[in-house]
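Okay, so chain A shows up in both of these, paired with chain B first and chain C after.
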Partner chain A sequence: MNGSKRTGWMAWPPVVFLVVFFVVPTGIVMSYSVLERDFYGQVRPHFSLDGWRQAIDPITLSVLSRSVTLALCVTFSCLVLGYPCALALARVGLPWRRYWAVLISFPLVTSLLLRIYGWMNLLPLEWRGTIWAVGLVMSVNYLPFMLLPLLKSLEGMDRDMVHAATDLGATSWQTFRLVTWPLTRPGAIAGCALVFIPSTGDYLVPHFFGEGRFNVLGTLIVQQFMERRNWPYAAASSLWLLALVCVPLLLWLGASRLHPALTGKMWDNVDE
Partner chain B sequence: MNSRSWWHCWLRRMVLALFLGATYAPVVMIFIYSFNRSRLGGVWTGFSTRWYAELFQRSELWKALGTSTLIAACASSLSTILGTLAAFGLRHWRRRTRDLARGLFSIPLVVPDMIIGVSLALYYHSLAIERGLATIIVAHMVFGVSYAFVVMSAAVKLLDETLFAAALDCGATPWQSHRWVTIPTLAPSLGVAWLLVFVMSFDDFLITFFSKGLGNDTLPIKIYSQMRFGLRPATNALFAVIFLVTVVGVAVGAWLSYRRPNSHLGGTISP
Partner chain C sequence: MQTTPLGPVKLTQPPKLASPAVVVRGVSKRLTGRLVLDDIHLTVSQGEFFALVGPSGSGKSTLLKMVSGIDFPDSGEVWLGGHDVTTLPAYRRDVHTVFQSYALFPHLDVQENVAFPLRVARMAHEEKKRRVAQALSWVRLDHFATRRIDKLSGGERQRVAVARALVDGPACVLLDEPLAALDPHLRNSTLELLQEIQSRLRVTYIYVTHDRQEALRAAGRIGVLREGRLEQVGAPTELYRCPSSAFVASFLGPINWFEGLVQSGGSRSIRLRSGQHLPLDDHQSVETGRILLGVRPEDIVVGGEQFLAAVVLHQDFCGSTVTLRMASDEGVAINAELRGDSASPPVGARVSLSWPPNVAHVFPFDDVGPTT
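Right, the complex of A and B next:
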């Protein structure tokens, strides 16, 4: 390809776009978190640590720990619910498995508000405001994110390994623990990351099912940003959220650099 | 052994049925309660279709639908163009910078919407930009470019470059060979990328919530403000219509993309 060397410039507009509208704004959040709040809900260009002082007080920290607990519970229940389902699906014959996969991923294209409203119709009023209601709705919402990578790694697994283990006298539990689970761990890790990350910053489900009694980072940020107009505090809380997402992500990336198999086939399309 | 495999088969069906039940029970409830005669949700008083009839008279919903469609169409078109440019251009970057750029394109996919929303709202404020339609479109493009890039870079990787070279050898100008060879070959993936970003943008609530000014209510924003009043059959009817439209849209999209199974091999080279 002679002329193709010259097409390198084509990537510049999208890269510049993302730098200007994604990287720089994220930096702006940091600077707003150390500004002073004025009387009218705006910010004054003075240095102040008030936002951070609020963001490390016990109330915010309890909201933070509630967010982490909720995200961990949702991730765990998605894994526990999703794994048997993926196992069952992987055994379905091929034309039907395709239809099942479409049925599973279909909720992802329907509106999130629609699914929430359906659950509002379904769940008794008394359940609202508890971690159970919020966790249940979030788990069902994020289940496809867990199921699809799991299904992919189960499909890619060599079935003969399982047969070999059974032939050698392993019980079904031993086969699962020593063969199936290690072989599908990359899919499970990808699924956990895909569920954990969005569930830390979820706003709509905790808002509608928490009814103000179940505050997580998402509801705190919206409340402080929109209603109280305490922007330095909201910015500092957003940085908590960012840290919450970045820590597992960096751990995952670091682990995958050491063991490339960990990332599995999830990013096949992006990497060469 | 035989009874054990029967037991396994039965168990598998139970698991799948439970999963489907949990996923679709809320949708079924929406359909049932949209026919409720009572003005308030939760209590069944009788069958009625009046809420569907009422939907057509609520002009503010139609206006919100128009706003949503406009924003989603602009955001997905621009994102698809930028994502395709990136997929083509990055192939010729040096390895290190290319990996960095790919990392940049995948971050918006994993960062929570909340962070994109808050950071853009503060950014627009710090530059004193009036928030309106354009700011919402730009905000949706932040994730749109990333999704389009993922779809298009997979398509570009599969692209057979000898087709382009053959067109040049046959005397086509570079522009002609792109117009009549590269773009038709990529058309199915371009369609998938466009539809994906359109759906994401149409359904987005949180990022729109932060980047919209006064007015410019999209459909999700409008519905959100209605949902604060609790359960209403009228809202259920609206959701039932949206659900059916989504089903039809997905079916048409799937039909269009499966109609020509080998289209990525360049079924339509001749002009």
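Right, the complex of A and C next:
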């Protein structure tokens, strides 16, 4: 293989970046989680498992389960909202489809804080402090992350597949269930991962819409770092977040290894 | 209960005997502003092998979509087996299509692909298995049931697509250029297989192709489409020997065209640009004006009588025949086809050309495009 030496050399900058800005900070967080908390809330260079102990107590676990449930609900609603959107958009001809995709993604380039304030003005007052409002705003916020991979997957699917399915007697629902869904599952899984991972650690939306009435992982970590000044506990909770993110990532990697080429495209003809 | 080659089939209505398989009545379709189909009238009988030919963009695939229900006409009606299906969606019509790209489902293996129409019809498992095995035997893929689609060759994939379209015994199968993506030596055997299946199952075929050889060989009747209109419909011999227009004559085989003028009503000759005259037969009645006189290469007689003279430019040896490429004094290119074993004049020789009576085709002047 000709280029392997050269490409090996080109891999160094991202690796260095990853090590400096991810591996090292994670290492620091991990080390803080097993140190002792001092009087002023910072850490003493003294080994202690207090941080971890607090991280597995019932309160933390309930916050954890709430975060996971919220993230799963947000992912599910993004999927349910995003799929019909993507299906409709896939039928629109170019270039309008691109314009619509840009329009839908536009909110992502604006400040999340501004959008949250916008939503706060839009939603009724009674909705504040409820986890439902938080879930709603999160779903709307993360929708482009679901929509774009889904759209890409749908576009990659050979249009003839749908025509063939209809021609052979499948109703619209049957076509979706037997053909479209299996062939675009990689896109849906990608979208779910892209929504679930940030949702587990979301801070701003639960903070502003929750009005402090309940904690999710993101608000817990910030609270423990900033207000309660319990850094070992906060660091240990961050490790929970890391674990919550890594598990679906690994599942996603494993799933894409099993279905590598299911985008619906026809392969090149093989000569007889 | 009705017995078909596939076994008993329960019908909700007694079939109307002798009702044609497909009737297209006055169908027109406009796509992106262009009139793709212009008032098409067509009737295909049950069990018929009907070929639809025409140059690219003439509307062949669009017409197939009107019949299968994937797209709908702007005006006109489509009738299948005596029922008006114009507004019925594709999944309610008893017609299946073999797509040019085959459109096999890559996430299913061969037998799951073939079983697809039966699965959406919620057929029982045992019956499904039996029919899938039967369909695979028709296309000679008996031992391919569990193969994955990406492991098949082009010819095998095409046969899976055919099996899938036949498995639930539709009244009519539409084939959209099925041999286009295959190697030439494979096309012959695949076409023979398709013909064999068609005659054995007595299923109606509407076969779209831009290859005139396939159509002439296999079809019972051919329809020639030109820019959305059906120029002529008839048996292959009829279209070849008695084309109704210069376009049809040109499309169905190579032909030499001579452009000229008929100067008066009773004139028995046409006058070429060079002043030369070519004779017209008694049975050919033409009006005055510009006309085209066409003679097929196999009808040209070299070295006999002289209607006109030409110089031999090239000899193409084609196995059983030799094609002489010549140029007349006017510079008109003329091809003659001789038997491979006959003595052919050398390159550079000046020869005299003529043709037997009643073989020339005469048409009003028409732009027929490239003649090959």
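Brief remarks on what is shown
By our rule, the second predicted complex is superposed on the first by the 241 of 272 C-alpha atoms of A that agree within 3 Å, B and C clash if a C-alpha of one lies under 4 Å from a C-alpha of the other, contacts with A are read in each partner's own complex, and residues count from 1 in each chain.
Throughout what follows, a residue touches a chain if its C-beta (ideal position, glycine included) is under 8 Å from a C-beta of that chain, and two chains touch if they have at least 3 such contacts.
Treat the numbers as computed from the prediction; the structure is a model and nothing was measured.
Of the two partner chains, neither chain B nor chain C is touched by A:V68. With both structures placed on the common chain, the touch criterion links A:I131 to neither chain B nor chain C. In the superposition on chain A, A:Q174 contacts chain C only, with no contact to chain B. By the touch criterion defined above, A:A88 lies against chain B but remains apart from chain C after alignment on the C-alpha atoms of chain A. Using the contact criterion defined above for the overlaid structures, shared-chain residue A:V34 touches neither chain B nor chain C, since it reaches no partner.
In the superposition on chain A, contact of A:T166 is made with chain C only, not with chain B.
Residue contacts after overlaying the shared chain place A:L49 against neither chain B nor chain C.
Which of chain B and chain C touches more residues of chain A is settled by the count: it is B.
Once the two complexes are laid over each other on the shared chain, residue contacts for A:D158 go to chain C alone; chain B is not touched. When both complexes are aligned on chain A by C-alpha atoms, chain A residues 267, 269-272 touch chain B in the first and chain C in the second.
Listing the residues of chain A that touch chain C in their complex gives 158, 160-161, 163-171, 174, 178-179, 182-183, 261-262, 264-267, 269-272. Chain B makes touch with chain A in their complex at residues 11-13, 15-16, 19-20, 22-23, 25-30, 33, 41-42, 82-83, 85-86, 88-93, 101-102, 104-108, 110-116, 118-123, 126, 138-139, 141-142, 145-146, 149-151, 153-154, 157, 161, 164-165, 174, 199, 203, 205-206, 209-210, 220, 223-224, 227, 230-231, 235-236, 239, 242-243, 246, 250. The part of chain C that touches chain A in the complex is made up of residues 68-70, 89-91, 95-97, 99, 101-107, 116-117, 119-121, 150, 152-155, 164-165, 168, 181, 183, 186.
On the chain A side of its complex with chain B, the touching residues are 1, 3-5, 7-15, 17-19, 21-26, 28-29, 32, 81, 84-85, 88-89, 91-92, 100, 103-104, 106-107, 109-122, 125, 140, 143, 193, 197-198, 200-204, 208, 217-218, 221-222, 225, 231, 234-235, 238, 241-242, 245, 249, 267, 269-272.
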